[in-house]
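Each of the two complexes below includes subunit A, the first together with subunit B, the second together with subunit C.
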Partner chain A sequence: MNLDIEWNDNGKTQGLKLAGEIDAYTAPKMKEALLPLTKHEGTTIVVDLERVNYMDSTGLGVFISALKSTKEYNSDLRLVALQDRVRRLFDITGLDSIINIDSTVRGGK
Partner chain B sequence: MEPYKFDVNNYRNLLKKYIASQDETSLYQAEQFSKLSMQHNISPEEIINVHIQALKELYPDLPVEIDSSMNFLLETMISYGLAYQEFQTLREKQGELESEISIAANMQQTLLSTTIPDIVGLDIGAISVPSHQMNGDYYHFVTDESNNLGIAIADVIGKGIPAALAMSMIKYSLDSFPETMRNPSVILENLNRVVEQNVDTSMFITMFYGLFNPETGSLQFSSAGHEPGFYYCADKDQFFEMTTKGLVLGVSDQATYEQFDITMESDDMVVLLTDGVTECRIGERFIDTEEVLEVIRKYMHLPAQEAVELVYRHFERLQDFQLRDDFTLIFLKK
Partner chain C sequence: MESLDFIEMKVPARAEYVGVVRLTTSGIANRMGFSYEEIEDLKVAISEALSNATEHAYKNEDGEVTIGFGLYQERLEVMIADRGGSFDLQKIKKNIGPYENNQSIEDLREGGFGLFLIEALMDKVEIKNDYGVIVLMTKYLHENEVDINDDQISTTQ
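Up next is the complex of A and B:
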């Protein structure tokens, strides 16, 4: 159970590529990487979840915090390439209606 | 072996023996000596002090430079002594905290305890098992004067003590809603505002709320982002997912909740659960919905309470008795 985070700094667009599992153990690591990026006005943060095969509700909590922070600092959060299992979590919890999710690129095997 | 006493004589003899023979046994005894000293809260500088005394007794003509250097060493060790004392205090405090947490966990159980009500024509079974000390899952039954049954099942995200406290808040809010407002979508909308105002940003709650009317068999329900339950229709001998749409509690104060309605006929059953059931892992693999329903089907002919317990035992075995998440399951059998 591990989470790798790759950070691509392209100025106004900040990319985070995650690989592995987001759970109670790895979510703090993601929070540490994600939250500071939301605090710059006008920045778009693109989180690539293509290689995340598991996420539990702790991970959702981090994305909710990040979303609230983007509202406060006027930045933008987008999630891309979610695997079906992860996408389902956002659907069930209704978070797909408030978080910008782009599933045109599907994640997974 | 004779026990070591913490005194200069003992130490001196040990030291003398070692200097003369330089053998392993004396070194081993020195190790025992230090362990015993720790047990008796002897600080490192006290040991050095004893060493200095022993050395002086053994070698009365000790060069003055060695003597001064030993005093220097003594001073240097004082901080270590303090750190060690602090460590001891922290260890005691940790023990106290652990026992307080277990008291809190017991209190949580008492505060949140709910009795399964007797409803004519409905057989209810419920089980909730935490994966750690404090349970983040919660279920609650309320009956009103017209004998309607309110059923809440919830999962607080953000684990541990804050989650448990949020649970208590939910329970008391639920109990304080007047009967005229006990309609699932209204209850969720009200709770959402309570949670949104009171709970920290990374914490949120998923909840299903249902209202069962025993006379008509109607079950009205709404869900705030909760894992969907299943409706078993006996006539068709089929399970249907109780698909709903609604945002988790505590994220936006604007959230509204759609209300749905099913009518339960004889031998129909409603299954409510949390993601601890559906996100169950077998080794590296996740269980799929079909497998969950198969297990439920295997036991559902039994009385509801017995059935939920057997389903739980089944999942517990699948996961080698190591729950990854809190597990809650409710059967409502008509």
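Up next is the complex of A and C:
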């Protein structure tokens, strides 16, 4: 019941690799890592969710904040390698239509 | 009288206990025979209700959230109450009506998609606001569908 965050700084591309569970307890930690990255113009932030096996609306909330921030600072947010369960939440809520989700890289169980 | 096992737990109204309740939910739902997908739905729905309770019920003060699991033959009922205090399942149920938009549930809405997800993932959701917020959620076991089909076959004979 924890969330590990690995940050890869490649200049214009900033990678965040998440592993574990995103819930009310861990979402603030994710927000702390993600939000500052969105505040640099021209940056693409790639969030790898392959090893995230649980997420709820607290996680969706952080991605919505991050998305708003990217619009403000002219940066770009991409979510990749989502497990089916996590992907489903974006589909149910309709957020898959406003957040850039790369469905070509599919995560396992 | 319907046969029922009832499990009640109380946790401090803090975010770090949402995961603990989620694990318990997973264990109970697994024991009842819910599928992997259904268990995942239950985990999200219950975490949403509990997150709301821990986030909004007690502003900067310590409190408890009570979680009640009613295990029936064909369904699981989960009740989450955010004013501490033990509760009587049958008694509380009499006071719970269907959720309506004009109810003052700003706190539940604040999470954004929390309540929406609860309603999308559970079969039935009822909310009562009189003393604290009480969320009652129901999920049916799929085995029930087989029983309904059996009945239909027998009536056509």
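Throughout what follows, the second predicted complex is superposed on the first by the 109 of 109 C-alpha atoms of A that agree within 3 Å, B and C clash if a C-alpha of one lies under 4 Å from a C-alpha of the other, contacts with A are read in each partner's own complex, and residues count from 1 in each chain.
We adopt the following convention: a contact is a pair of C-beta atoms (placed from the backbone, for glycine too) under 8 Å apart; a residue touches a chain by one contact, two chains touch by 3 or more.
No experiment lies behind these values; they were computed from the predicted model shown.
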Partners on subunit A (subunit B, subunit C) - clash or fit: clash
Which superposed partner A:Y25 touches (first subunit B, second subunit C, both, neither): second
Partner chain(s) touched by A:S57 [first = subunit B, second = subunit C, both, neither]: both
Partner chain(s) touched by A:P36 [first = subunit B, second = subunit C, both, neither]: neither
Partner chain(s) touched by A:S97 [first = subunit B, second = subunit C, both, neither]: first
Which superposed partner A:S65 touches (first subunit B, second subunit C, both, neither): first
From 6-14, 42-50 or 312-320, the subunit B stretch with C-alpha clashes against subunit C: 312-320
Doubly contacted residues of subunit A, that is, touched by subunit B and again by subunit C: 24, 54, 56-58, 60-61, 64, 85, 92-93
Residues of subunit B touching subunit A in the complex: 155, 157-159, 201-204, 206, 224-228, 245-248, 251-252, 255, 275, 279, 286, 325
Residue numbers on subunit A that touch subunit C, as the complex places them: 1, 21, 23-25, 54, 56-58, 60-61, 64, 85, 89, 92-93
Contacting residues of subunit A [partner subunit B, same complex]: 24, 31, 54, 56-58, 60-62, 64-65, 68, 85, 92-95, 97-98
Complex interface listing, subunit C residues touching subunit A: 15-16, 18-20, 22-23, 40, 43-44, 47-48, 50-51, 54-55, 111-114, 116-117, 120-121
